[in-house]
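Each of the next two complexes has chain A plus one other chain: chain B in the first, chain C in the second.
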Partner chain A sequence: MTVSTFILKNALRNKRRALLSISSVAVSLFLLVTLQVALRELTLPPQSAGAELRVAVRNKISLTNPLPVRQRGVIEKIPGVEAVTPFTWFGGKYKGEEGMSFAQFAMDAEKLHSVFGEAKMNGDGYEKFNATKDACVLGKITADKYHLKVGDQITLDSTVYPGSLSFHIAGIYAGTPDDRNMLFRQDYLDESIGVPGYVGMWWLKVKSADDMAPVIKAINAAFQNTSAEVRAESERNFQLGFISMLGNIKTLIASISTVVVFTLVLVTASTMSMAVRERFRELAILKALGFRRRELFAFILAESFGLAVVGALLGIGGAYCLYTFGNIGKMTAGIFVSFEVTPRIMGVAALVAALLGIISAVAPSLSVARMSVVNGLKTLD
Partner chain B sequence: MALPLTYNFRNVLVRWRATLATILGIGLVVAVFVLVQALAVGLEKSASNTGDPRNIMIVRKGSTAESTSMVSLAQLQIIRYWEQIARNEAGVPLVSADVITLISQPRIDGRGEANVSVRGLTPVGMALRPQVKLISGRWFTPGKREVAVSQKMARRFAGFHVGDSFRTAGNTLTVVGEFDGSNSAFDSEVWMDADETRSLFDRQNYSSLLVRAASPQAGQEIVSRIEADKRLPLLAGPEVKYYGDQTATAMPIKILGNFLATAMSIGAVFAAMNTMYASVGSRTREIGTLRVLGFRRRTILAGFIIEGALLAAIGGVVGCLLALPLHGVSTGTMSFNSFSETVFEFRITPWLAAKGMIFAVVVGIIGSLLPAIRASRLPVITALKSV
Partner chain C sequence: MAEPIVKIRELTKLYSQGEIQVTALDRITLDIAAGEFLALMGPSGSGKSTLLHIIAGVDRPTSGQCLVQGVDVTKLNESQLADWRNQNVGFIFQTFNLIPVLTAAENVELPLLLTRLSRTQRRKQVETALEVVGLADRAKHLPRQLSGGQEQRVAIARALVTDPALIVADEPTGNLDSHSAQEVLSALQALRKDAGKTIIMVTHDPKAAAFGTRQIHLEKGELSQ
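Let's turn to the complex of A and B:
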């Protein structure tokens, strides 16, 4: 019998316990990975292509305060600006649903491609959006959810403006980080609510990455001390602003992760102690045969490490498979769209598992090291 | 029948190390379960604490939040002198026309900004919300750019304490008072004079009306009168109901809580099983002895299940005790309804604690079921022979 088969035999002598230990490690690591991914999604939203050239301009008071249409001409004249479009929240509810299930924004039809060019649309979606006033383009996820196709009509009840509006779907887009939104034409919205002269916010594209900082600075300065001061910022910073609004939810998830890890250590260490105590007598015999303390420690360590690693493989691998191949949008009722298990998160979880294997081996090894051979041989338990 | 129970109970104490780990493990799971649910309860509580049963809230039809609602001056004039609306001693109708606007403010820790609800209102509006009490400083003076801030918001945002000032819409506002909203939705607000709010934020219209009905009968009449009047595209209803409906924000937290409870309880069941199997395994001889003494299989089965349940129940108590210090601690997140910061407290109600206990006991029973069956099925002779 080689050393490795000895360790393997020991680990599996009580198959039920080995299985239970592995399962509890697996479940806990699955949970840990899930929480870490959720935390990452909340704190670091997916980056879209073209984001490094986009600037969001909102009212300095807050995002919910509108901006006057007259600002457009000023922004367009700023050097380095390639295209500008209004972007107005419509807050529509679909078919008498309780809440809003997808976001809708009004914008300039001809600016869709230049500002949000990463949206891929089949057929003549862009042309039709340009040509028809009541046209809209819809994200693929939402279209699939409601079984909508190009040419269909949809009606939305706005929670922001009085009344409701009907649209014809000109195209269905995909390829953005969040293919759920609906975009329609600002001129259609203006017409229906009596041209109020206000838009929600501005989105613009700069010519190159070098233009970003000067353009942001110029826009912020341009409207200082006017009736509508603005806050211009990169798409990234704009998204981070949303995350800041989530407040203490981040702390909550981080604390729960800590508790999960702690519980895991506690339970696994206790199981390992139980497993070792059960064979105190055998370990005493090994000692009597001349095995040294560090060799006994190696046996115990290898066993607990092995159990932890198998558990980790199952838990982390399970989470990876579920979130990579499963439909996360459906599972979380649309709260998360992507749920990416990054190598970094898997690495952290694997590290937790490795440490767990080592820590769990320490306490039983210490008691084995301390026991005298005679006492060990006398043990009945 | 009495013996196995004392026997099981003593066993819990004798094998203290494994027992302690199991109890703590279950305790932590229960603590997480109770705390996450306590958040959802706190959010719902803050909604249900808001509102006076005599008040009627009027908003624009179709709006889902006060901040996106709109009531014009003309609409206010139609409603103001209705006889169904109560009046104060001076004969002024108890109608509060409020302006709600959101301002983006930096957090106190300097990590980012969040939207804060500012409510512009009149002394009548304050009289209609008696649960809001001034706790330091003074109320704002009408006609001045002064605000009073909820104490809970003052702890979360920069420049919100009495004596501080902050800039918004190109103007400086001075904080002159802090109030306490008695755990209502008003704890998430900043209050200032209605007309100052309208001028500062360039608003033609009001956001919502709050009126005091002269009687419950009159309240219903106001609702149906608004419903019937074609000039008024408004929606009226009891203030209590309006806030009661605003609990959608609690949904994601509930989902998180249920997910955590499910995943963690599976882990806890495995851990409890391990402990119980080990304790059954090391007591094989004792179990054999009990059987020889005449105890029946089902008595032993029940004994072990009760042992597991007892263990878990202690864990449940530990969990509730661990969670308890957070009761009443306030926290905040963005409300999906109002799109602004909502503060609320962890609220551990007796019912919630009981749910935590039930949860623990269920985990204990499931975890000890298989080991108990194994214990009760041990053949007497083999059991006695084992060392």
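Let's turn to the complex of A and C:
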């Protein structure tokens, strides 16, 4: 027998309790990793190629207030601007679904490639989109979800405009950070049921990164004191603004995580205390045999640390495998497209587990330190 | 006469419980010669365990001296005492001596984990100790697979595995039927005869005490030979 077999046998002496404490650590850390990844995915929108050259222009009052089309000419004349397209929220519901499962925007077909160039399409998708008025392009995730293919017709009931619109799918794109949206033509919207003369917002592409700041400044200035003042900002800032609209999710997730960790500490600490209390007499005998306090501490620490580490491996490893090899889009019904378990998040969870192992050993170690052999022996005599 | 292995002088132990003071040991003076099998008798509460614990270095007296092999154990600090116990004293308790999840051999090996012995050396010593108490064939058994008498003999093997000069036993037969008690007492007796160990055994059973080479009586913390 070695010291480690002794510790192992002690840790596994009550198999059900060991199993329960390992699973409570595993489940809690799994939850913690999930929450942290969700938090990261929500607060750090995926960076798309080309994002550093894109500018969003929206009504200063709010995103839901429209902008007049006449702004386009002004924006296009600003030095550094390469391409401009309207981008109008349609708010369509597909096949009588309760809510909206993907977003649709009306835009300028000719500008799709220059502004959102990272969208890759097979075949003649771009040409057809340009040529046909009722054409639309659809993100691959949405197309797969509804088993839609090029040439299919889809009809959407707008929640913004009266009535519904039918489209023909001209292409299916992929390669953007979130291949879910449907894009169709602004002119089709205007002619059919829209309000001609108004668009939802503008997206534009600048010629180089150096143009970014001056262009934003120029646009903001250009419409000052007009009936439709705008806010121009980088794509990243625009998305961050969206996130703050999600409400105080960050605080919410942070507080849930804290509760998870706190509960976990309480559960494991009390399990360890129980395990040690049961063995008080044995620890007294070990002391009588010549084991010192620090050796008994080491036994207790090794046991609680061991349980925490095994639980952590299962919980963190399980989360990693599930989110890395599983289909997150399917699992979350499309709410999350990417769900990356980063080394940093795993590190934080492992640290929590390590601290957990140490903290749980503190109380039992203290009671063992206070125990005299004589009193310890009396506990069962 | 040779220098006694245990030399106790004016040993007093007081417990204060609130207002009341209990005198567990009252100025005990006692010599125990090497190779003695001392039976420490007396009614319950007379201070037998307290005396044994102080000699074995797990409890401290209020005043007085207790020299074991010339070392005043009352002057050692916690850590020194732990080492001293490991090297010089073998313990046998009344009940629940053994760690339930360890086999007989593993239980016997426990005190050796604190030594510098190699694994093979440890295994050898464990085998020898189990042979001495006649339980070599039970090495792989768990405590619950052993009878009460066998359990106590495993405890004896554990007490002698480090080859200490002194073995202390606190009512080792208190929980056993007479047959098992006989087994355990014979094993202790053999230990004295064959290995020359000094044994101090607390008991209140005169039949058990008869196995000793000397009997002494404690009464309310005082010796009455």
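Keep in mind that, in the parts below, the second predicted complex is superposed on the first by the 373 of 381 C-alpha atoms of A that agree within 3 Å, B and C clash if a C-alpha of one lies under 4 Å from a C-alpha of the other, contacts with A are read in each partner's own complex, and residues count from 1 in each chain.
We take it that a residue touches a chain if its C-beta (ideal position, glycine included) is under 8 Å from a C-beta of that chain, and two chains touch if they have at least 3 such contacts.
A quick note: this is a predicted structure, and the numbers were derived from the prediction, not measured.
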| item | value |
| --- | --- |
| Which of chain B and chain C A:Ser62 touches, first, second, both or neither | first |
| More chain A residues in contact [chain B versus chain C] | B |
| Touched partner set for A:Ala213, first chain B, second chain C, both or neither | neither |
| Which of chain B and chain C A:Leu289 touches, first, second, both or neither | second |
| Partner chain(s) touched by A:Ala131 [first = chain B, second = chain C, both, neither] | neither |
| Which of chain B and chain C A:Leu351 touches, first, second, both or neither | neither |
| Which superposed partner A:Val267 touches (first chain B, second chain C, both, neither) | first |
| Partner chain(s) touched by A:Leu366 [first = chain B, second = chain C, both, neither] | neither |
| Chain A residues contacted in one complex by chain B, in the other by chain C | 380-381 |
| Residues of chain C that touch chain A when the two form their complex | 53, 56, 58-59, 78-79, 82-87, 91, 93-97, 99-102, 105-106, 109-111, 113-114, 119, 158 |
| For the chain A and chain B complex, residues of the former touching the latter | 16-17, 20-21, 23-24, 27-28, 30-31, 34, 60-65, 91, 99, 157-160, 162-163, 225, 227, 229, 231, 240-241, 243-249, 252-253, 256, 259-260, 262-264, 266-267, 269-271, 273-274, 278, 332-333, 335, 380-381 |
| Chain B residues touching chain A - in the complex, by the definition given at the top | 17-18, 21-22, 24-25, 28-29, 31-32, 36, 39, 60-65, 67-68, 101-104, 107, 111-115, 156, 168-170, 201-202, 233, 248, 252, 255-256, 259-260, 263-264, 266-267, 270-271, 273-275, 277-278, 281-282, 331-334, 336, 339, 341, 387 |
| Residues of chain A defined as touching chain C within the complex | 1-3, 5-6, 9-10, 12-13, 281-282, 285-293, 295, 372-374, 377, 380-381 |
